[in-house]
Each structure stands twice: as structure tokens, then as C-alpha cells.
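Following this line, the structures themselves.
Two complexes follow with chain A in common, the first pairing it with chain B and the second with chain C.
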Partner chain A sequence: MQASRARLFKEYKEVQREKSADPDIQLVCDDSNIFKWTALIKGPSETPFDGGVFQLAFAVPEQYPLQPPQVRFLTKIFHPNVHFKTGEICLDILKNAWSPAWTLQSVCRAIIALMAHPEPDSPLNCDSGNLLRSGDVRGYQSMARMYTRLAASPKKG
Partner chain B sequence: MESDEDNMVDANDVESVDDDIYSGELEDDYYYSEADGDGGGEDGGGDDEDGPGYDFMAEAADDLVEDSLYWRQQQSYSILKEDDINQRQDDAITRVSTVLSIPKVDATILLRHYNWSVSKVHDEWFADEDGVRSTVGLLDRPAVHVSDVRELTCGICFEFFPRSRIVSAACGHPFCNSCWSGYINASVNDGPGCLALRCPDPSCRAAVGLDMVNMLASDEEKEKYARYLLRSYVEDNRKTKWCPAPGCECAVDFAGGAGNFDVSCLCSYSFCWSCTEEAHRPVDCGTVSKWILKNSAESENMNWILANSKPCPKCKRPIEKNQGCMHMTCTPPCKFEFCWLCLGSWSEHGERTGGFYACNRYEAAKQEGAYDEAEKRREMAKNSLERYTHYYERWASNQTSRQKALADLQQMQNVHLAKLSDIHCTPESQLKFITDAWLQIVECRRVLKWTYAYGFYLPDHEQGKRQFFEYLQGEAESGLERLHQCAEKELQQFLTPEADRPLKEFEEFRTKLAGLTSVTKNYFENLVRALENGLVDVDSNGSSSRAAGSKDTGGSKGRAGRGKANVKTGRNSDD
Partner chain C sequence: MQQHSDIRDAEAHKLPFLGDKAPALPFPLSICFVSSLLLPNSSLSLQEPLSALAAEYQSGSPILLQKIKLLSDQYAAIRRTRGDGNCFFRSFMFAYLEHILQTQDRTEVDRVKLNVEECRKTLQSLGYADFTFEDFFALFLEQLDNALQGNDDSISHEELVTRSRDQSVSDYIVMFFRFVTSGEIRKRSAFFEPFILGLTNATVEQFCKSSVEPMGEESDHVHITALSDALGVPIRVVYLDRSSCDTGEVAVNHHDFVPASDGNPAKVAEGTTKPFVTLLYRPGHYDILYPK
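And then the complex of A and B:
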């Protein structure tokens, strides 16, 4: 308990200090609970998520960083490795490949990398995975782009 | 002195058993071969017509000396206790460490990665040391160079520490003591994957070995890690397996050898090394797994078979089976004696009538008259279930009988032997023949049980084989019944307090039981070998060749194949 809180506080201070270090990631700690975080990440360029801003929710376990945080998309996203309804993410470093040397920041970077490089063979979203597996990259991209526009575009005005 | 007991059964003893209790040709065959094994010539009358070694038993007995040697050479396994396992593991580690000139910790990591095969480690290492090093994470130089500073940041908690409180694997990635402890303990508690632990840095593959675990883990986790390492030696090693008996902590090291996979653990459990089911000679692993699958598929249909009571075929009162042998006697006043398996009258079970013990044989119900298609199908379905039921019931009964015999053996060793010793003023060491008999019964019940799975899968069209098989099985069944009954029932009369019978009677009992044990043992050993050879000595239309080879004009004797599988069929139906 103490170790995880201390570690999260380190990450918090680092985030405050390096606010502009990574313009694609904006990590925010909950006002009242250091084990709850949210992040806004920018959709990577040259992907159907380009131009979108996606919100992630972190629930950090007490055994952190020996155990990985639970992360899910709050923003709807059409991606083979993200559950369309719950936002659950299938990513090895959030499961068996977790290392305590990872941080919330580096998890965000890994998720951005996953958005650019989907793994259609371990799909949480079968429709999306099937499009890619059948070679219909266009179909996948247009669906993904549509949802980016519908759900992840910053409100104008 | 005790070993003399084993050899006490000579031809004369056997003969006296023969004279006392048995008459009739079937028994002569049994005893004839036994005597023949001892040089022959002393058999009681009536056997001469057989000539030397002309039946299954005698022929097999000739081979016995040779074959037991053969099997012993094949039987290349050893049972390892925990100390032995540790010893072997240490030896392997030391060898690799010496030959490769690497620390023992690294040798352990290598061996575990290559499933504890010393030769595989050597081969891989000398073919491509760099490749092996990078695969298993044995770095020969640090991945990061830590400059000469007084304080370092731990890569997990991000706190600053003096160098003295920072620990690294060979790679040099710095983590503090308490983060290492947390990391290692968590990994150990996650399971045996901890044996392949790597540096916490995600980009680093440096191995974390036993030295760091012992330095940094807490006691409980050190203990667990050591367990996993020991288990890995047994479970990941292609040559070793745990004994599957519950509570047994021995492992079996199997060095190979064709055909025979049965091993006997120190805990007395016998199992098949290949499939780890209970020992199942003479049937092969494939048949066993088919049979077990079949049993579980049919288990609902078969529940009633496991019930322990059946109506007496004569008076219809339910009779409970509380003994191991199949010879049932109804309660007074009925006292009808019948066979548990076929519910036939016991007096018609072969020996007295000179008939053929046949309740092991399945005969499909005769189809009579014209059936329409639907009726025929129903009949076939019924027959196939009936056929399975027949084999299953006999398989299960022998299983139950075996359990009972095991319990009786225990009871014998714990209670009755001491009692017998007192009553008959005989040292317990001289009562070993009783224990031997029970051990033999347990083993024979096991073999007999599996012959029913064998029979179930024996192709129907191989008529000759089937008949020969059923003959052998019938003989085995009736021989074992005799032994079982003798050990179970005849022994009782010597156990009662007023049993101060003349010593002579007890000595006669000894001779009889020891003789039956020895004869049954030989018979079953030969049966096992004959079935394992797939009854090759019988051609599939064996009936004709048997008739042709018969020396006996009466047609009650027959030869099959090349003489090895000679049987006296006792049936003339197809001769």
C-alpha cells in the first residue's frame, strides 16, 4: 500500500514537471484518489484515429507496480484489440508481459503504439478483426475513421 | 531362510496338491506344466498323453527362465526419492558447470531451459554459444554502464539509493533491495514461471537466477522456489515422471526399453510410465484410454453394475457380495452356490463336470425369425450395449475384487498373521506364503480385469484368436478363483480359536496355497506375454489348424500355429 502510493506520487510529480514533454499524452490524477487516473491521448497520425482525442481510465491496484494497472477506453473506438462496448484493452504488457518498470505514462505510449499497429489475431472486437484479417483494410479504416469522427473529435465551438 | 520359502514348492508338493484336491484334465494341465518346469517326469497319472511341453502352460514355462531375464534387462527404470532427485539435479548442474566453465547458477538456468538434458545443453552451447546466451538471458557483459556516481535511481520505485543498496542482474539495471524482493516474491507466488525470471527492465532479457532469489526473496518464497526447481527437474525432464499415487512423493526415472512400460513405485502402486494410468499389461495404452473413455460415456447406463447385491438365481432373495472371489453361496436355507458373474450354478463351472469355464465369453443373443428394419436396429443397439455390459461388468467385478483383496491383504498383515502364528505356533516369517498368495491375487485381478478390455476390442472376425483368447481367459479366471477362494475361505478354518487342528492339516494347507500361488503366477505371466504378442501364434482361422495339429484322436486337444499356442480346447463344436 505504502509503496504503491509512494510510487504513484513519484509519477504524479514527474507528470507535473514534464507536462509538455509528450504532447500526445495528458495524464490526470483523480482529485481525491491517487489510485484513479484518466488520460487523454491523441490518435496517432497516418491512422484512422488521427485527429481524435481518446480518453482512458486507469484503476491502479494496491500491488502496483508489481501488478499492472487496469486500463480501458472511455471513448468509443473501433479497433480489433479494444472491446467495442466496455473499452477493455487486449495488450500483453497489461497482462503477463507487465514489468514493474513500466509507468502509467509508458502504458499510454504502448496504447498509442497499439492503435497504430493493431493485432487482428487476438481480437476483442471481432467485426474489426475480421475486416483486417480478410484483407479489407479500406473497410476497417473507414469504419474506424467514422467512429473517430463520431466519438473522439473535440467539440467545436 | 525366508528365501527358501519361495523355492519350497517343488514338483512333489505340487503333485500332492494335485492329488488332494483336484482331479480332471484341466487341472492336470496346470500342474503338469509346473512340474515340467522343474524337469518333468514326476507328474501324476493321466498326463502322459500330453507329451513333454505340448500345452500352453508347459511351453510357456520353458521360456520362463529366458524371458524373466529378458524382461529384467528391459526393465530399466529407477524410483527416485526426494534426496535422489536433488542428488541427480546437483550432478547435472555440476557437470554442465564444469564442462562449460560457467557458474552453477548459470548452469541451472541453462539446464532448466533445455529440459534438464545435459547433452542437449552441451550440443546447443558448443554449436552457438552467443545464440544460447541471448536466448536464455545469460549476458557475458553488462547491458548498461553505470557511471561512477554515489547514488542511483531504482527503476521501480524511482527513489535514490546509495550504490550499496542497489542490486543488479548481470545487465546492470539498478533496482533497490526492497523492489527486487517485491518483484521476486510476486513472481514466485505467480507459479513455476518464476524459474524463467528476467530483469524487471522491459527492454532487458537478463536472467535472474537462484543466487538472486536466495539473496532477495523472503524465506517462504525461497522455499517455494526450491520446490518449483525440484519439480521442474521431474516434470520438464522427458525421462522422469511423478508417481501418480495420491500422497506419494517419489518420481520414476525411465531409461527406455521397448514394449513394457509398467513400473512399480516404492509406495507399491504400479502404473504405466507411458500414459500414467494404473498398470495395464497386457493391454496397450491406446486400448486403455479408449476403454476409460467408453466407461465414462456409458457410466450412467452402468451404475447398476456397481451395485453390490444381486438376487439369488434360485430363491430370488438379494445376496450381497462381500467377498472377493466370484463363488457365491446363498444364505440358509437356500444355500444355492452360484457364480456372481453369470448367475449360473457354481457346480457347473468347469472343474467338477469336466466342462469348460465359459462365463467370461460373450454370446450375442441369437436372432430368430424375421425382423423388420427398425426392429433389427433396435436389436443391434441392444446387443451392442449388452456386449459392452458383459465386458464392463467383468472388468468392474475384477476391479472390485482387487480392492477387496488389497484390503484383505492389509487385514492379513495387520491382524491375522499374528493370530495364525499364535494358534499354530508358527513363526510369522513362515507364514509368508499367505502374504505371497494375496499379493498374487491382487496382481492377477489386475491382469484379469484388463483382459476384459482386451476382449472387448478384439476384432470379431478373428474367430480363431477370439476362441483361443476366451479359452485362456477362462482358464485364468477359474485358476484365479481357486486361488482366491483358497486364500479367502479355506484359510478361515485355521483362524478360529478352536482351530487347534493337527499341524498336518495346516501344513497341507500351506502346500496347497503355495502351490496354487506359484501355478497361478506362472499362468498369468504367460497369459500376459501371449496377449502382448497379440496371440500371434494363432492364425485367425485357428480352428482348422488346431484340429489338424491335435495328437488326441478324441479331439479334446488341439494345436494352433507353430506349437507355442497349444491348447486343449475342451470343446468340440468347431473341430
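And then the complex of A and C:
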């Protein structure tokens, strides 16, 4: 508990210090609870998520950083490795490939990389995965782009 | 796969991170003694003699039984570690710190600290942020200092056992070794690459990310070589498997991992001819062996 708090505090300071270093990620700690974080990440360019801003919720366990944070999308997203209803993410580093060398910030980068490089063979969203597996890239992209417009685009005006 | 690891976890948790040191009993064993060791739950709380190993293989390969008998000529006791994928690092942790505690070898502590500082620089130069690994380094250095007697925070052998069973200490030190191992492999990636290609299809970086740094990933000779080299600590691994010599004569093989000194003898611990850390390897698992 003490160790995880100390580590998170260091990450917090690092995030403050490096605020402008990664313009695609905005990581914010909850005002009253250092174990709760949210992030806003920009959809990578040349993907159907381009132009969208996606919100992630982090729940950090007491055994952090020996145990990975739990991360899910709060913003609806059509992606083979993200559960369409719960926002749960299927990513090895959030499960058995986790190590304390990762940080909340680098997890965000890994999620952006996952958005650009979906792994349709281990789908949490089967509809999305099946489109890619059957080679219907166009179908996948137009569905994903539609949800980016509907759910992840900043409201105008 | 998930089910497999669940079963492994459940099995592994029957044993504390570190078992008790158990004296060897004279061979041959009477069958009735062997069967008494097979009582349920005996694996956890009872002091285990080296011969408990024989009990495990009682109805198994005669080669193994012969080898265990040979082992008992040279080794007095065994201490088991939990089979949770971290057993190599955990065995090394305890065997090394116990050696420091028993020998009070300050020269060795000073020597290993210099190598730990090198490891820190290695990680920094590889681009690891300090805050990702410094807590793990600090805890290991603290254990080293605590093992030396004469300070207010010096610890007893009993306390070392307690700490090694305490997840918040034990897992952090295992993780320290994982960082050190990963840094060494990546620093000398040209050297390790062919060995890694022999094990998996991964690049050096992928291997470190997937098979060295995550907790619970099992160790292979690549990990042992790297850790031994990085810290300059020789490690003897005694192999208990079914292999036998062509001549039909049974012998127990061992391999000494002797660290490269890079032309600087001060980098390596003394005792390269007889390493003070001795581990018993059975396919998939490491425990600690105590020479007579």
C-alpha cells in the first residue's frame, strides 16, 4: 500500500514535469484518490480513430506496480480488442506480460499502439474481429470511423 | 492456458515462498518412513529431509532415485521454494543473502554493491526511468546492509526467513533481479541473441519484455548467465533429471555459471571454483541445496 502510493506519487510528478512531452496523452489523477486516474488519448492518425478523443479509466491496485492497473475505455469504441459494452481491453501488458517497468503513461502509449494495430485473432469484440479476419478492412474501418464520429468526437459549438 | 496457470497457482500456493531447511537423512530409506512423508500437507510445515525428494520419486525412475542417493553424499539439506515461476530468482535471493549473513563477508557486500551501481547505470542508459526500478534496487541494498551484523537494523537468520516469505519484500527483490537480468541481456544483446533465438523466436527486446521482466516468467540458462554476470556471483546448478551416461553409470551433472570478469577480477566474487550459491534443478523448478 505504502509502496504503491509512493510509486504513484513519483508517476504523478513525472506526468506534471513531462506534460507537453506527449501531446496525444493527457493523464490526470483523481483529486482525492491517487489510485484512480483518467486519461484522454487522441486516436492515432491514419486509423479510423483519427480525430477522436478517447477517455480511459484507470483503477490501480494496492499491489501496484507488481500488479498491473485495470484500464478500460469509457468512450465507446469499435475495436477487436476492446469490449463493446464494458470498454475492457485485451492487451498482454495489462495481464500476464505486465512488469513494473511499465508506467501509466507508457500503458497509454501501448493502448494507442493497439488502436493502430488491432489483433483480430484474440477479439473481445467478435463483430469487429470477424470483419478484419474475413478481410473486410473497409467494413471494419467504416464501422470504427462511424463510432469515432458518434462517440469520440468533441462536440462543436 | 488460463486453466493451466490457475492450477499451477493453486499448487504453488500450498508452499510458502521459501520452505524450511531440511537435514539429509542417511540412505537407504525404509519404505515405511518414506510413506509417512507422503501424508497430506506434509509438504508445507514439516521439516523436509533431502530424502523427501526420494519419496516423491519412489515409484518413479530408478535413475532418479540413484541420483538422489548420490546427492545425499555431497549435500546435507534442501530448502524448497514456491513453484510460481519465480523460483530461480527467489532461491538465488535467499541463498545469497544467507551466505552474506553467515559469512559476514563485507568485502563481498562492497563488491556486489559496485556491480549493482553498474546495473543501475545500465538501465538508465537503456532508457528506463529511474522511478520504475529504484524502489526495487533500494530494497535489495537494504537487505544487504541488514545482513551485516553490528548495526541497529541488523537482522537474524530467522528474520531473513520471515522477510523472504513476506510478499512485500520477497517479490520486490525478485523484481530487482529481473531488472538486473533484463538490463544485462539488453546491454550485451549481441552475445545473448543466439541463445535467445535458440529458445524462442523473439528478438532480445521482446524476450526481455515478455520472459524476463514480468513476474512469474520462468528462468532459463539465459537468465542465470545474465544475473551471474551482472552481479559477478558464480552459481552452481545441480541437475536432477532422467539423463544418464552411455556407460550406464549414473552421475549427477552440475553446471557452474562463472561470471565473466571482463578483465577486471574485482568484478567477480571469490569462490569461482566452488560457487557459494548452489541450486537444485528439476525440470521446471529450482530449489536451494546445502553442501555438506
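FYI, the second predicted complex is superposed on the first by the 157 of 157 C-alpha atoms of A that agree within 3 Å, B and C clash if a C-alpha of one lies under 4 Å from a C-alpha of the other, contacts with A are read in each partner's own complex, and residues count from 1 in each chain.
Note that in this section contacts are C-beta pairs under 8 Å (C-beta built on N, C-alpha and C of every residue); 3 or more make two chains touch, one makes a residue touch a chain.
In this text, all values refer to a predicted model and were calculated from it rather than measured experimentally.
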Legend entry - Combined model on chain A: chain C and chain B, fit or clash: clash
Inset, instruction - Could you give the residue numbers on chain A that contact chain B in one complex and chain C in the other? - result: 3, 6-7, 10-11, 14, 65-66, 97, 99-102
Legend entry - For the chain B and chain A complex, residues of the former touching the latter: 155-159, 178-179, 182-183, 186, 200-202
Inset, instruction - Could you please specify the touching residues of chain A with respect to chain C in the complex? - result: 3, 6-7, 10-11, 14, 65-66, 92, 96-103
Legend entry - Interfacial residue positions of chain C with respect to chain A in the complex: 5, 128-129, 131-133, 135-136, 168, 171-172, 175, 178-179, 182, 209-210, 213-216
Inset, instruction - Under the touch definition given earlier, write down the residues of chain A that touch chain B in their complex. - result: 3, 6-7, 10-11, 14, 63, 65-67, 93, 97, 99-102
